[in-house]
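Please go over the structures that come below.
In what follows, chain A forms one complex with chain B and a second complex with chain C.
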Partner chain A sequence: MAQNNVDIKFLIGGPQGGGIESAGQIALKTFILKGYQVIGTREYQSNIMGAHSYFTIRVKPERPGAINFPVDAAVVLDAESVLTHFQDVKKGGFMVYDTTTLKTKIANIAPMPKPLKDRLTAFFQERGLEPTAESAVKIAEENGVKTIGLPMKNLIREVAHKTGAPLSRVSKTLNTIGLATTLYLLGVEASWIEKAIAVHFAAKKKVVDMNVEAAKLAINYVDEHIGGPCCFLPEGPNLGKEAMLVTGNEIVAIGKTVGGLTLQTYYPITPASDEALFLEGHRNYDLAPWAAEALELKKLGSVVLQTEDELSAIMAAIGAAVAGARSATSTSGPGFALMNEAISLAIMAEVPVVLTLWQRGGPSTGLPTREGQQDLFHALFSGHGDNPKIVVASGDHIEAFYDAIKALNWAEKYQTPVVHLVDKYLASTITNVYREDIDPLKAQIERGKLVENPGPDYLRYKITEDGISPRAPMGKVPLVWTGLEHTEDGMPTEDPVVREQMMAKRRRKFETIAREIPDDEKAVLHGDPDAKITLVSWGSTKPIILEALKILEREGIKANFLQLRIFYPFPTEKVRKILENADLVIDIEQNDLGQAAFLIRGFTGFTIEHFVKKITGRALWDTEVALAVKKIVETGEREVVVNGGA
Partner chain B sequence: MARSWMDYKTGAWVQWCPGCGNYGILNALHRALAELDIDPSRLVVVTGIGCSGRSCYYTKANAMHVLHGRAIPAATGIKIANPNLTVIAEGGDGDMLGIGVEHFVSVGRRNIDITVIIHDNSVYGLTKGQAGPTLPSWWRTKALPGPNLHDNLNPLLLALASGYTFIARGYAYHVAQTKELIKKAIEHKGTSLVQILQPCPTYNNLMTKQWYEERIYYLEEEDPNWDPLVASPEDFKSKMSIILEKMIEWGDRIPLGVFYINPAKDTFEQRLEKVIPTYREYPPAARPVAANGKPLVDPWQVFADKIVKA
Partner chain C sequence: MQEARRDGEKSPSRSTVKMCAYCKYWRPNVFYPYIGYCEKHNKMTFDTDSCDNFEPIKVKPGELYWCSTCKTRVTGEEAKVLVRFGHRIHRNAYVDPDIKEELYSVF
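For the complex of A and B:
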């Protein structure tokens, strides 16, 4: 196979806490080392141990934009994984399972959700089959899937025998055995797998040795009992190129650090907290050579503060900001709800603060570990009173990196809360980034009208033409920051004339923002601008829809994609023009209300009539988007709901 | 030249009712600040919502008027961002012990070096006299349509349980004594509480000036050997039972003064310094964030642990 045609998809399933994460990482590292680009995305439940989770990986010479089913291969070493994924492998693909799980009955798989048990039991009953893992393997075979049963007990015993390690420890190599089998059958030579294992477990030599032994054994087993791959994968185009492997949570933390964040607060919540923990893990850092030289300073540190709740998280971030810190907080929908009152305070008191909002499936506690894009209204309309704030949504890891920096700039420059909208899919999707993808020297750090030496006549809320008052941090001169309506010096007033003046000043500030942030940063039209079909979406659907455009083009459907990046201030004219130029506009969102379409109508007057939705909380696929769009194009259907993924 | 308490007045019209205890508290605060000679430019006063919330406009300082119940977390953010500032959080009993009680508790766990002043009048004055968290059950102040069904909480015990390392109680009309308490609280390194009992002549017709003054007494006046310092396990063993007894005492007699000082616990700022070596010299509010407009950080250096390299 030529390297340019490489497109591999596979999944690794298993109980949470059972090493799926580690196996997924090893797989991703194998392909990065081999010169390919990867994405991996994790589907998991609100549970610490035992519930089914899986990691889906896609490998291509260029960065894959989406995952989709069916996959080429599945590693399903427990009965629940077999039964969850036996229909997710394509014809001609293969499924690696553990022969000892075959007799397991559906009824005896305690963690499996009851609705799935009921569906599967009915499925097998209809076909006159026992409700067991064995039946699932049989169906997979009937579907043209090669099923590869590994005698896992024996293999593990053999690893123990070879390494002299106790069985209890060796049993942790189960996933490595399954993964090595799969990678080898996909055409990856043993040496790459061994390299990735060494990289992944790094300094832990014993663990490396044990896992390498397990991988070797698996590969021998394949050679002896199954037959190795027909041919090996060529090395990828990016062989030897330095890459980081990062999740969305991590890239935002990296962006904030590069962006000059000095204090972050948070209260634990999925899927946000990994960002803060990663920041905390890197809170002390060396300055880059150019900065160390300019400042004659080698090291600095940032504070990451875990607070008692989200009320405190946002208030401490606000307090830090008025003191002069470059500050942010990070949360998900439920926590953001608690922050609402303080957002309003930050608007009135003109406090620079960034809120990173990692959306997940709601309403309420909803689907705490699943994807959702349901907080667009929530972000835009948060806070009581007239409540303008900057709302920016990132489409992928690289945008998220630069947006994290820009959000800090905008917050300080415009003295306003900035909501950085991201989501669970981005949070738990892991990909490679190269040096040119995240280049710190492409970023500019701006602090706006920060006054280091305010005089005695300093006015915190000075009325200015652009609506932005010079900002002095605390500790220089007596001043007032307040949530009450106020005169220029911050003293409270209910005077009607001053009220109007201050409302007008704050409005002018947003006119300045609307003017200064270019339209190109607010909305992006991808693809052929003359295409007569326009797909509209926002956030992490971006790379998925870009892939879908390619699929559609192969099917003879020419469409472009309008990605909304900033919802406030909204690029009204640009969006209206683009939409009015299309014959067919389709809104694609992972919420039920079509929130972006609703806002578009509000801002531009343009009514979108067609919708593609996904509300299952699972990752959106490029293939299902393409199919749904095709259906709308062909039938004129108003709404297509897609629901792929276990 | 040393500062006078007059130097801390802002000139704003003070909007409290005649006879309000807040006047005494404000005056005691200003006198304390003057005697400590604190530069208003380096002083931060954060207030919540309610009558006492207005205090920040009446004290020359870096003032911040925030949300109901949220003075403490804002003050926490300010102090962490710039540990060189003197930070005071003020609020009423409703603000600090009702809507904001989670922060009142959590700040003690950090022992961050801020002073919490509670203007305690047992009613929500600005909303016309509803029952506050320190109003005893079955009492019915004049604005209430029926008796208060909630028990009153004990702020001193709550502060002790939460980890405050300085706990005092004063009385609003005793400006000289309250000034001393506030001074000690500000000087203390760690989270300090000054609960200040305060008649509300407009809405609390039960806990009046007369009611308080028939009951209050000062710990060190009653017991010349009164010593609230709990600096060691030995101190703890010998003094805590009497301290607790005095903290609990409420009714016919109400003790005032400093109840508890624990100088042994490290402050949050000290804890931060242990994990962030550059913290003291370069705290979040007083450190560079860029070098000539360029980032300080090369992610390929700082996040090298994420690089996949054979």
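For the complex of A and C:
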């Protein structure tokens, strides 16, 4: 196979906590070491442990924009995974399973949701088959999938025998056995798998040795009982290039760190917590020499404060900002709801604070560990009173890195809350980034009108032409920061003339923001500007839709993609002009209301008539977007709801 | 002791009954129940291993047990019924202490 044609998709499924995460990470590292680019996305349930979870991976010479199904291969480590994914492998692909799971009946899989049990049971009964994992394997075979049963128990016993290690340790290599089998059959030589294991378990030599032995054993088993791959994959175009493997949570934390964050507050919530945990893990770390030289710093890191609830988290961040810290908080929809009152305070008191909002499926607790783009209205209209704030939505890991820095800059420069909209898909999707992708020198730290030595005449809320008053940190002069309407020196007042002046000042500030942030940063048109079909979306759907454009082009459908980046201040004229230039506009969102389309109508007067939606909480696929768009183009259908994924 | 079996497996003969899977000291791994932890010997064994310290599980009403077939906790009353359907009942389950490395934070 030629290097440029490499496009591999596979999944690793098993019980949550049963080694799926490690297997996924090792798989990603294997392909990065081999010179390819990767994305891996995790789907997991909110019961913490035991229920079905899976890791879907795509490998290409260039960074893959999306996952989709069916996959080329699946390694399914328990009965629930066999039964969940037996129809997810393409004809000619293969499925690796543990033979000890075969006799398991659907009824006995406790964590499997009852609706799925009912659907599967009916499926097998219609075909006269017992509702067991064995029947699923049989159907997969009938569908042209090669099924590979591994006698895991025997293989584990053999690893224990060969390494002399206790079974307590050897039992942890079960995922490696399944993964090594899969990677080898996908055409990856043993040496690359061994290198990835060594990288993954770097500091634990015994663990490396044991897992390498398990991988060798798996590969020997394949050679002896199944037959090895027809051919091996060529080395990828990025062989030897240093890469960092990061989740969306991590890249935002890295962006904040590079952006000079000094305090992060949070209360634990999915899918936001991992961002704060990453910051906690890097509170005061030594920079690599190249970064130390570039930033003229030896160490980086910020204080991370876990508070007792979300209201405390935002209030602590506000307090720190008032004291002069560059501060942020991080949460998801339910936590953001609790922060609403404080958001108003930050607007009225003109406090620079960043709120990173990791959306998940709502409303309420909803789908805590699943994808959703349902908090756009919530972000934009959070807080009471007239409550303008900057709202920026990142489309991918690289954007999220720079947006995290920009959000801190905008918050301080314009003394306002900035909501950074990200989501669960981005949070738990892992990809490789190269050094040039996240250049800290491309985003300088800006702190705006910061007065280090205010004199006795200093006015905290001085009325200015651009609406921005010089900001002095607490401790230099007596200061009043207040949520009450106030005079220029911050003293509370209900005077009607001052009220009008202050409202006008805050409005002018947003006119300044609207003027100073270029339209190119607020909305981006991807693809041919003259195409007569325009897809509109925002957030993490960006790379997925860009991949869908390529699929559509191969189908003879020429479309472009308008990515909305900043919702307030909204790029009204730019968006209106682009949409009016199209014959067909299709809104693509992962919410039911078409929230962005609603806002577009409100800001521009343009009504979008066609929609593609995904509301299942699962990752959006490029293929389903392309199919849905094609259907709308061909039939004029108003709305297509897509629902791929287990 | 009532014989506990995996779904579809034949009743074990007398000579195989004294294996870890049926011993009161043995706790199966929550995910992969053919491996488990022996409290008596403080080590992991396979379900089909055996030793002289074997003691059968005695299921009592009002106590809690682990069904490795269903991967869930059951009462003694439920366990007595499940055993008749071939489910494997144990006094408890074993959770690998390193599991935290594999779990995502969920709140």
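Some observations on this one:
Note that the second predicted complex is superposed on the first by the 630 of 646 C-alpha atoms of A that agree within 3 Å, B and C clash if a C-alpha of one lies under 4 Å from a C-alpha of the other, contacts with A are read in each partner's own complex, and residues count from 1 in each chain.
Rule of thumb we're sticking to: a contact is a pair of C-beta atoms (placed from the backbone, for glycine too) under 8 Å apart; a residue touches a chain by one contact, two chains touch by 3 or more.
Everything numeric in this text was worked out from a predicted model, so none of it was measured.
After superposition onto chain A, the modelled positions of chain B and chain C are compatible, with room for both.
Residue contacts after overlaying the shared chain place A:G483 against chain B, while chain C stays out of touching range. In the superposition on chain A, no contact is made by A:Q373 with either chain B or chain C. In the superposed model, A:A342 lies in contact with chain B only, and not with chain C. Once the two complexes are overlaid on the shared chain, A:G19 sits against chain C while remaining clear of chain B.
Within the superposed three-chain model, A:Y285 lies in touch with chain B and out of touch with chain C [touch as defined at top].
Using the contact criterion defined above for the overlaid structures, shared-chain residue A:N238 touches neither chain B nor chain C, since it reaches no partner. For the superposed model, the angle subtended at the Cα centre of chain A by chain B and chain C works out to 90 degrees in steps of 10. By the touch criterion defined above, A:D274 reaches chain C but does not reach chain B.
Of the two partner chains placed by superposition, only chain C is touched by A:K172; chain B is not. Of all Cα pairs linking chain B with chain C in the superposition, the shortest spans 16 Å.
Residue overlap on chain A between the chain B contacts of one complex and the chain C contacts of the other is empty.
Partner chain A is touched in their complex by these residues of chain C: 6-9, 29-32, 34-35, 37, 43-46, 69-72, 87, 95-96, 98-99, 101-107.
On chain B, the positions that touch chain A within their shared complex are 12, 40-44, 46, 54, 56-57, 60-67, 69-70, 73-82, 84-85, 102-103, 105-106, 272, 275-279, 282-303, 306-310.
Listed in rising order, the residues of chain A touching chain B in the complex are 29, 32-33, 195, 198-199, 242-246, 250, 254, 257-263, 265, 282-291, 294-295, 297, 299-303, 305, 307-309, 311-313, 315-327, 341-342, 345, 349, 405, 432, 435, 438, 440-441, 443-447, 473-484, 490-492.
Those residues of chain A that touch chain C in the shared complex are 14-22, 42, 44, 46-50, 77-78, 100, 103-105, 108-111, 132, 152-153, 156-157, 166-168, 171-172, 174, 268-270, 273-274, 277, 368-369, 428.
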